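Two complexes, one shared chain (subunit A), two partners (subunit B, subunit C).
Presenting the complex of A and B:
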């Protein structure tokens, strides 16, 4: 399997990025802040509002290096993609399926099955690992609801009904989410999902993590020649990376939720790493973001065995491999899309 | 055969990928998927196209043409010959602006060593067929020149080799027109394939997705 290369995170909000020979140079008020060779780089996440030079963006897209712009707080702004890869046949198949509700549902139910399967096992794992500290009964009840719903979802042929199943399951899952937090409970608690803005520390981390994961998924889809804006479960809406959101569904709980919970439970993240804004929004501060990204990067390098391919790979490659499998299904190599089922 | 417009003719250099693995060829040329190995492959492709503009050298009874563009309507293929040597010979053909008769012989340079499969012979034979069509003559032999070892190997264009070239190009043209990517038939050669990570040859061993989902769904119920 291919190897994960480096990711460059540019966290200072006043940095300007430019190309010099084969290097990314980071400029600040005071001059050069650093420079990194393009070679060996997989992606760049810039949290700076000053941006980057067109020459640098061109060089990155040409080499398949993903380039994502986020606000200093980590909200997704834009991603650079170059002249589209020439895989027009694949894209046309994608569009045809997206236009056909039956076929879209056939794909969407695989995403949803993956999502429910993985959320269920997150709950089961908490029961298994911390049975004496958690409300086993509540977790078990939700897990079996997710399990039953997953089985239904797999047979579903109507997209709207499928979305209904998914909504109910999400509610059920988040209802017991707080059970998985075992440490620092005074400062880290989950009541309800709040997005814009996130209103507590847990939501702040979830939003940040989902934002990173969405960018990874979008970059992975584009790199295999798919259009990240045209989805099956999520319908087209201008400016929305629907297919990236589709692909992300099955990965949310295993990639982000568990990660956030581990950060809290192992006290790698602390209450003082958050800032509270005037409008009530809670956001990771600079120190918090750095911690989050460091652990996130380490996590991406962990080895796993892919449940479908039965092949060892790094965690961080999963979005890429799933995008590839999606493309292989669209090209007729597979009878359906195999979601990443993790337990 | 469906008549194709000339700009849709296959490149003779594609024969190398096709002879190595049909799927590899389709991933590169039909799907234009080249993943992280973009640069490896791009290097190869660049090399294939990095012929200088055509130029001619005289060396006594030898006329050497570099970078000659060739085409065959019968094969529906085009390409560029590294070198075509024309040797003065009574059974040759006349060339415009040159005195006497000349016998052509294509010579192709390859980095590295001779391959275990016949990709290079096929490409050279394809060039010969093009030259025959363009010059209205017969060409029986050409040369492959390998960097390692520094040596020429003569290739004779047998009826079998010619038939294989024609068959492969016909098949290639038809797959390309259909936009079809053949399934993987993995083998030892996969380890030398720069598109392994995009091809996923291990899909061949994997269960069907329907079975994969069903087995996980069963475990959901239990």
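Presenting the complex of A and C:
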């Protein structure tokens, strides 16, 4: 089994990253700020505007280390990807399936089923753990709607109708999302999903979490030899990592949504860790982002048992394992793609 | 597992200075320098063997010495630092 390695976050805006003797070196105004061997790294997230040296990017892509650039505010900019690697036959199968609407739908409905199943579990879990504090009726109603939709989605053969089911389910899920927030309700509330820019604290954290997860998924797909830009549910669009977004669907609620809710409910994140911009955008500030990433990394190290493989692994390896299962389905070793169904 | 590597390279002649540079360079690739000729490397068993072989090729068995301390997977409780230049935790959160 692959070992979960560390992730390096470069939060200082004016850092320049370079390669030196198989090490990533962080240069600042005052000189060397630090250096880490590439050997122990899984991915690098750079929030600085000064960039990185081509030699470093080359070394990272060669070793399968994901390298992601974000603006100092945390908005995704670019991801380094090197000379195409992996198995060309596998990638061609992927393209063929992506071109065929029927087979695409076969894959897409697995992703959607996973998404609906996991979203429903999040709602059910709130009912189970905090039955006396929440609006049980509303949550139960949404949960049963999600499970009914999941059953329908699993039978669907038309991609557009499938998207319709997904949209309805997402609306229903986000309608009761606010019920899951139990503490600090005055400052953290969820009314509607807003992005570019996020207009409240909860949306800011959701967006940030989703962009971290998307990069992880894309890196995982590339590492098993798939093309992260050619998706089944999300259609092709230049610059969009459609397959990473597909793979992410089933992980959104268990990976990011629950994580954000836990941060709020355990008061690990506080209202003062956000900045409000002139245009109404709400963003995590430096302290907030550090807290977020600290807990995010700790969570990635938690041990779980994979529900399909029945194997112990760390949370952070889940995107990688799912990418591997997807590749096995494309190769014909599995009859269908088994989504990550968490309970 | 965490491996602590220490070395003593005889630098009385030019050859020795060259070996010292090569050993240091090889160690920097695999871990963090905690003191002058002391490195902490987080390696899996395969990487550890490869690093050992590489270092043994460089040193002169007659003049230099090399020591490996295996601290295992739960090394956090086995290390205590005093004074300046505290290292980083290789499995901790790396935020710069």
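Here, the second predicted complex is superposed on the first by the 342 of 343 C-alpha atoms of A that agree within 3 Å, B and C clash if a C-alpha of one lies under 4 Å from a C-alpha of the other, contacts with A are read in each partner's own complex, and residues count from 1 in each chain.
To be clear about the criterion, contacts are C-beta pairs under 8 Å (C-beta built on N, C-alpha and C of every residue); 3 or more make two chains touch, one makes a residue touch a chain.
Just so we're clear, the structure is a prediction, and the values are computed from it rather than from any experiment.
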(message) As a test of reading the superposition: which chain, subunit B or subunit C, is in touch with more residues of subunit A?
(response) B
(message) In the overlaid three-chain picture, which partner chain does A:110 touch, first (subunit B) or second (subunit C), both, or neither?
(response) first
(message) With both complexes superposed on chain A, which partner does A:147 reach: first (subunit B), second (subunit C), both or neither?
(response) first
(message) Touch test for A:64: subunit B only (first), subunit C only (second), both, or neither?
(response) first
(message) Per the contact definition in the header, classify A:308: touching subunit B only (first), subunit C only (second), both, or neither.
(response) first
(request) Considering only touches as defined above, state whether A:291 meets subunit B (first), subunit C (second), both or neither. (result) neither
(message) Taking the superposition on A as described, I'd like to know which of subunit B and subunit C A:331 touches: first, second, both or neither.
(response) first
(request) Go through the superposed model and pick first if A:341 touches only subunit B, second if only subunit C, both, or neither. (result) first
(message) One more residue to check, A:262. First (subunit B), second (subunit C), both or neither?
(response) neither
(request) Take the contacts of subunit A with subunit B and those with subunit C, and give the residues found in both. (result) none
(request) Flag every residue of subunit C that touches subunit A in the complex, lowest number first. (result) 25, 28-32, 41-44, 47, 88, 90-96
(request) Could you pull out which subunit A residues touch subunit C in their complex? (result) 3, 6-12, 15, 21-23, 26, 33-34, 36-37, 39-40, 290, 293-294, 297-298, 301
(message) Help me check something: in the complex, which residues belonging to subunit A touch subunit B?
(response) 1-2, 63-64, 85-87, 89-90, 110, 113, 117, 120, 147-148, 150-151, 154, 223-225, 308-311, 324-325, 327-329, 331-339, 341
(message) List the residues on subunit B that touch subunit A in their complex, please.
(response) 30-33, 35-36, 38-39, 179, 181, 183-184, 197-198, 200, 202-203, 205-206, 208-210, 212-213, 216-217, 220-221
